[in-house]
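Both complexes below contain chain A, partnered by chain B and then by chain C.
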Partner chain A sequence: MKSFLKKLTSNQIFIPCAALLLLALFNLIADPSFFKVTLDHNSNGDPVLNGFLITILDNGSELAILAIGMTLVTAASGGQDISVGAGIAIAGSVILRVLCGSNPRPDSLQTSLIVAFIIAILVSMAFSAFNGILVAYFKIQPMVATLILFTAGRSIAAWINKNQLPIISTSCDKTFGYWGTYIPGIPIPTPVFIAAISVIIIMLVLKFTNLKLYTQAVGINPKSSRLNGLNPELIKVIAFVILGICVAICGLIKVSRFQTINYSVVAKDIEMDAILAVALGGNALSGGKFNMWGSIIGAYVIQFLTTTLYKFNVSADALPAYKAVVVIMLVVTSAPVVREKLSKIFKKKAKAASKSEGGAAA
Partner chain B sequence: MQDEAILKMRGICKFFPGVRALDGVDFTLCRGDIHALMGENGAGKSTLIKVLTGVYPKDEGEITLEDKVVSIRSPQDAQNAGISTVYQEITLCPNLSVAENMYIGRTKGKLMNWKKMNKEADKLLQSLDIPAKANQQLSSCSIAVQQMVAIARAVDMECKVLILDEPTSSLDENEVEKLFRLMRDLKAKGVGIIFVTHFLDQVYEVCDKITVLRDGKLVGEYVIEDLPRVQLVSKMLGKDLDDMSDIKSEASVYDGEGAGENVLECEKLCSNAGIKPFNFHIKKGEVNGFTGLLGSGRSECVRAIFGADHVIGGTVKKNGKTIKISKPIHAMKNGIAYLPEDRKIDGIVADLSVRENIILALQVMKGFFKPFTKAQANEFADKYIKLLGIKTASADTPIKSLSGGNQQKCILARWLLTHPEYLILDEPTRGIDIGTKIDIQKLVLQLASEGMSVTFISSETDEMLRTCSRLIVMRDRKVVGELSGDELTQNMVMNTIAGGEAQQ
Partner chain C sequence: MIKKIRNMTDTNLLLTITVVVFVVMYFCAVVFLGEGFRKPQTFLNLFNNNASLIIIACGLSLVMITGGIDISVGGVTALVCMSCAVNLDLKGGNVVTSMLIALGIGLAFGLVQGFLIAYLDIQPFIVTLAGMFFARGLTTIVHTNPINVKNKDFTSLKNTRITIPGLGTTNKKGIFVDATIEIGVIVAIVIVIALFFILRYSKLGRNFYAVGGNQQSALMLGINVKRTKFLSYVFCGLLAGIAGYVYFMHVGSGSPSHAQGAEMNAIAASIIGGTMLTGGVGNIIGTLFGVLSLCTIKDIVTSIGLDDAWWTGITVAVMLCIFLVIQSIVMAKKHSAGAVKDQPAAAKT
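For the complex of A and B:
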């Protein structure tokens, strides 16, 4: 039993899971109705599930998808990509540009969504490959390298659509909104499925390829990796390109949710949340070993926290401050130094307890 | 004065999960003594040093410094108590100046008078006869000088106890001699020096006393005159060992298919690491070696063969066919394996497990889309852990928590697992205890007798003489000679290194 507990607490995903449970417990005590999920009908008469849990799953999708790519980039390069928010703006803008052509209020779509999406993925991959090449071949620190797109990305996104804000109304195409909201007849939001599929795909990739071994080896010791036949630079670029794919998927979800785009606001500050998700998952931001589940759960912890705060009517302005407090607590408790200290205290207590027990028996 | 103990450690115990790293160890250091701390890898030398310097807290025992019980909880405590350490790896800041390195962390929050600091540093460097300037950037000094600067820093802190943890492993003979002179100076000033090393010669050259540890326990403390080498080795190993015996003549020579044919031929091979183009060949089942002083280009030669450095000219033939090697993966695919010189930087992937470290090379050769199953990986790892006698808690243990010798065995396992035709071992025995050294030497000869070709590089000439049947001698980044058969004597090697004629 004791060894089981120890195994559990020493597991990397223990902290994010515990955080999730604590948040759930807090809500359960404060207001059990938090967990109520009801089946309603939306304005079109289609069945939809309503409730805070659904909101968390729905709104956490983009973050979870980004966390996948961010984990790989962190592991391989020992740094983070801070341009993903801008990248989402670009990807979304590309999708709208391809679908709408030059007319920002189209009556019908110019091409099918799949074509637009593929083009967005390619553009997004190209931009992230640019980031990756700066990092891998020019040895620029990831945060500095991606600062370029962080700064320029939203302007590029606006430029792609000539500074117009295209709107794809439901009268133009009904199905476009399905990706960010609901498919008629299915009461669960579509982004939840997209996130689930992304997670399944990355788990399969990690299982059936050497992606994990290679990125970890490169992240820990690039010199030694090279002497073992790996190409550290290429693997870093690949990690960035995978993040690029994640960014394009998020772009699709975002534009589909709003059926339009606001270049300066869409996915704002999401890069910080994505990095935080990786950290909350117990992954070292200096790269090397990683745990993908940790990051994904970390992403939902952040969303859970945000939604909880909204529920308690914390105003949007004050939200970051509250969030920061909770994040500090989480990050400190998951820091190795603190964990070591805690486990020592536990050990001492256990020792004292067994001693006093022994004394009583004697 | 001579026998006055300044440092006493009594009954020191240190436990790691599942291991007793130190078990009731006593250690006494007298004023003005150079005291060798000897033992195999994993015997507990480093742990004892780390307990003494406050890196690890001790679990039991007592440390007295000049008859006062002290509690040392951090390296800072140790420093304040007058215990200074110079580690094997330089722990100074290469991008600061020599003087800054000597005074860093010691200003006690006061403002620093840079001019005065430089002046004092220069004075100290001069008095210790260290060839460095105070305002010189540390990284521009040679490794030996950097090490001496570290010692000067320790001296200036008026240390009573100076710990030198394998300071000589990256120094050449001249530099070692300089270091020893410095050590003797300090000894005359009454500093107690603890000297950790694997080089028996050096122990007998400078030390007064020897304390031997084995498996975390104290074997004994000896005055150097009373302990001949053979006995020291047997004390370290815990058994009598015929370590000086001629292992080469015992090994059988490979005479199977393709014996005597060249496995690899290089012509005018040249890399961007600054070596002159060289010719090289190796036969099937042969063990040869590159020898020469440190920095003579022996590692660069094998790195060029493996494609580790950028090859800029020359041809390589494998079994008579011309091949192109521009990246390590090309060499690996052609059955060449390379155990690099610097285990920490080029060898291990520190945070990964022993298992992952062992399978890494083979896995990379197999390809991105074909990962080994967990069962397969475990089988490989277990096989080689057993075969090479790697001491590890499990295959899941991160390799960084193993001792140096066992890490080296893991890297060796990694390359043996790829079943290479041609194995390059660059300093496989550096920083490794005698027992493991002989294991590795025997293994090399055994592999050769089974038809593997091996190139062996070592700083210790007698190790080379015992394993290699042909030596390529290098000087100033050039091949200057080749020795085989009767020419393989210490004298001949020295002569060739010193003044052999250039090849053609």
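For the complex of A and C:
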């Protein structure tokens, strides 16, 4: 029993899962209706699932997808990409630009969505590759290298659409909104499926290719991985490019959700949430070994926390303060130094207890 | 010449690049853009408008020299502005209490973050990220709407200008206007000079470099690594508090949107000024020039007439990119040249 407990607590996924359970328990005590899921009909008369759990799954999709890419980048380069929010703005802007052409209020789409999406992926990959090249070949710290795109990204996004805000109304194209909301007849939001597919694909890739082994090797020691015949620079760039694909997918979901884009607000602060997801998953932010499930669960923990706070009428502006307190508590309890001290105290107590028991028996 | 460059320390080399680039840039602006840039007041306005950014960047440089990072500084600045505004306008406080509040907030953030990072060994990025969230959130909890301060003592302090004798221009009406600076500039310059001497001549300052350069060997030399790291964050927090008050004196109001993105500007300025995020390399004078270069670029962009907001972002990013690449190439060249030079020497022995 004891060894089982020890195995459980030493598992990397333990902390995010425990945090998720704690949050769920807190909600269960505060208000059990949090977990109620009802089947309603939206304005079009299509069946739609409603409830806070669905909101979490729905809104957590972007974060989970980003966490996948961010984990790989963190593991390979030992740093984080802080330009993902700006990247989402660029990807979304590209999609709208290709779909709408020069007319911000189109009557019909210029091309099919697939073409726009593929172009957005290519653009996003190019920007990520730029980040990756700066990191891998110019040896600039990732946070600093991505600071460039962080400052310029939203400006570039505005420039792509000449500072206009194109709107794709439902009268212009019905199917465009499906990707961010619901497909008629299916009560589960589409982003949930997109996130699930992304997770399945990355798990298959990690299982059947050497990606995981190579990224970890590069992250732990680039020099020795070079001596073992790997190309650390290339692998770092590949990690960034994969993050670029994730960013493009998030861009699609975001623009489809709102049918338009606001360059300065879309996906604001999402880079911070994505990095937190990776850290919550128990992955070292200094690179090396990683656990993909940890990051994905971490992403949903953060979304769970956000939704819980919204439910208690915390205003959107004050939200970060509460989030910060919870994050600090989580990080402090999972810090190795604190854990060591706590386990020492527990051991002492256990010893004292066994001693007094022995005394009583004698 | 090349030999001289090779013999320079990393810190001095990067500092030289920054200063040369700034001087060349300002010279070009004066020659090609004329009028506006020729006035001494334009140059002084660089200081007037960015005194708080200079102080923030100085604090950040300290932390970056020890190998850490602090991204909570912008949030702390906003929080200080808001708290001081509430204190002066709604709670009837006076200038002294508001100053104490500013210092207190800065010190509190520095102490808590420093403790978590240095003694509990948590990654600085995460801690200060939470610090930023906390400060930004708390700003709106303290007061939701922007406040314009009408306190008399404060407005007189805010409008105090110090005349620089001998500088000035005659305006279109033929009246001679003296060049002036704000009180905040004096504060910023005093801090820059003080930090320069601390970093260069005091034991603590040398410890900062040692810890940032190589933590392990610093430990073996008997430096208290944890305390040194802790102190760097306390300094940074305190400076952020002071910067908050300077910003407050410049704008005279409190608002949740104040100092938006200041942390990233400060990081960019430090990097342009030759501080490296890996630690151990950096110079306060470089940081000063970093801030000035950053703001000169912004001024040039506006004066060319590219007034659209996005151009500022793009030019700053391009400049940051160029500086980073220059730094990386110069360092790589220097080190590889050093390696080539060392090899025959090693072969002889």
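Keep in mind that, in the parts below, the second predicted complex is superposed on the first by the 342 of 362 C-alpha atoms of A that agree within 3 Å, B and C clash if a C-alpha of one lies under 4 Å from a C-alpha of the other, contacts with A are read in each partner's own complex, and residues count from 1 in each chain.
Just so we're on the same page, contacts are C-beta pairs under 8 Å (C-beta built on N, C-alpha and C of every residue); 3 or more make two chains touch, one makes a residue touch a chain.
All figures in this text were calculated on a predicted structure; none of them were measured in a lab.
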- [ ] Once the structures are superposed on A, label A:315 by its partner contacts, choosing first (chain B), second (chain C), both or neither.
- [x] second
TODO: Name the contact category of A:80: first (chain B only), second (chain C only), both, or neither.
DONE: second
- [ ] Using the touch definition from the top, say if A:155 reaches chain B (first), chain C (second), both or neither.
- [x] second
Task: Superposed model, chain A: greater residue contact from chain B or chain C - done: C
Open item on the list: So in the superposed three-chain picture, is A:19 touching just chain B, just chain C, both, or none of them (first/second/both/neither)?
Closed with: neither
- [ ] Return first, second, both or neither, reflecting whether A:68 touches chain B, chain C, both chains, or no partner chain.
- [x] neither
TODO: Once the two structures are superposed, pull the chain A residues common to the chain B and chain C interfaces.
DONE: none
TODO: Using the touch definition up top, name the residues of chain A that touch chain B in the complex.
DONE: 207-211, 213-214, 216-217, 220-221, 223-231, 288-289
Task: Residues of chain A defined as touching chain C within the complex - done: 80, 134, 138-141, 143-145, 147-152, 154-156, 158-159, 163, 272, 275-276, 279, 285-286, 315, 317-325, 327-328, 331-332, 335-338
Open item on the list: Touching residues of chain C toward chain A in the complex: what are they?
Closed with: 69, 116, 119-123, 125-127, 129-134, 136-138, 140-141, 144, 256, 264, 267-268, 271, 277-278, 308-314, 316-318, 320-321, 324-325, 328-329, 332
- [ ] Would you tell me which residues of chain B are touching chain A in their complex?
- [x] 306, 308, 327-329, 332, 338, 340, 345-352, 356, 360-361, 363-365, 367-371, 414
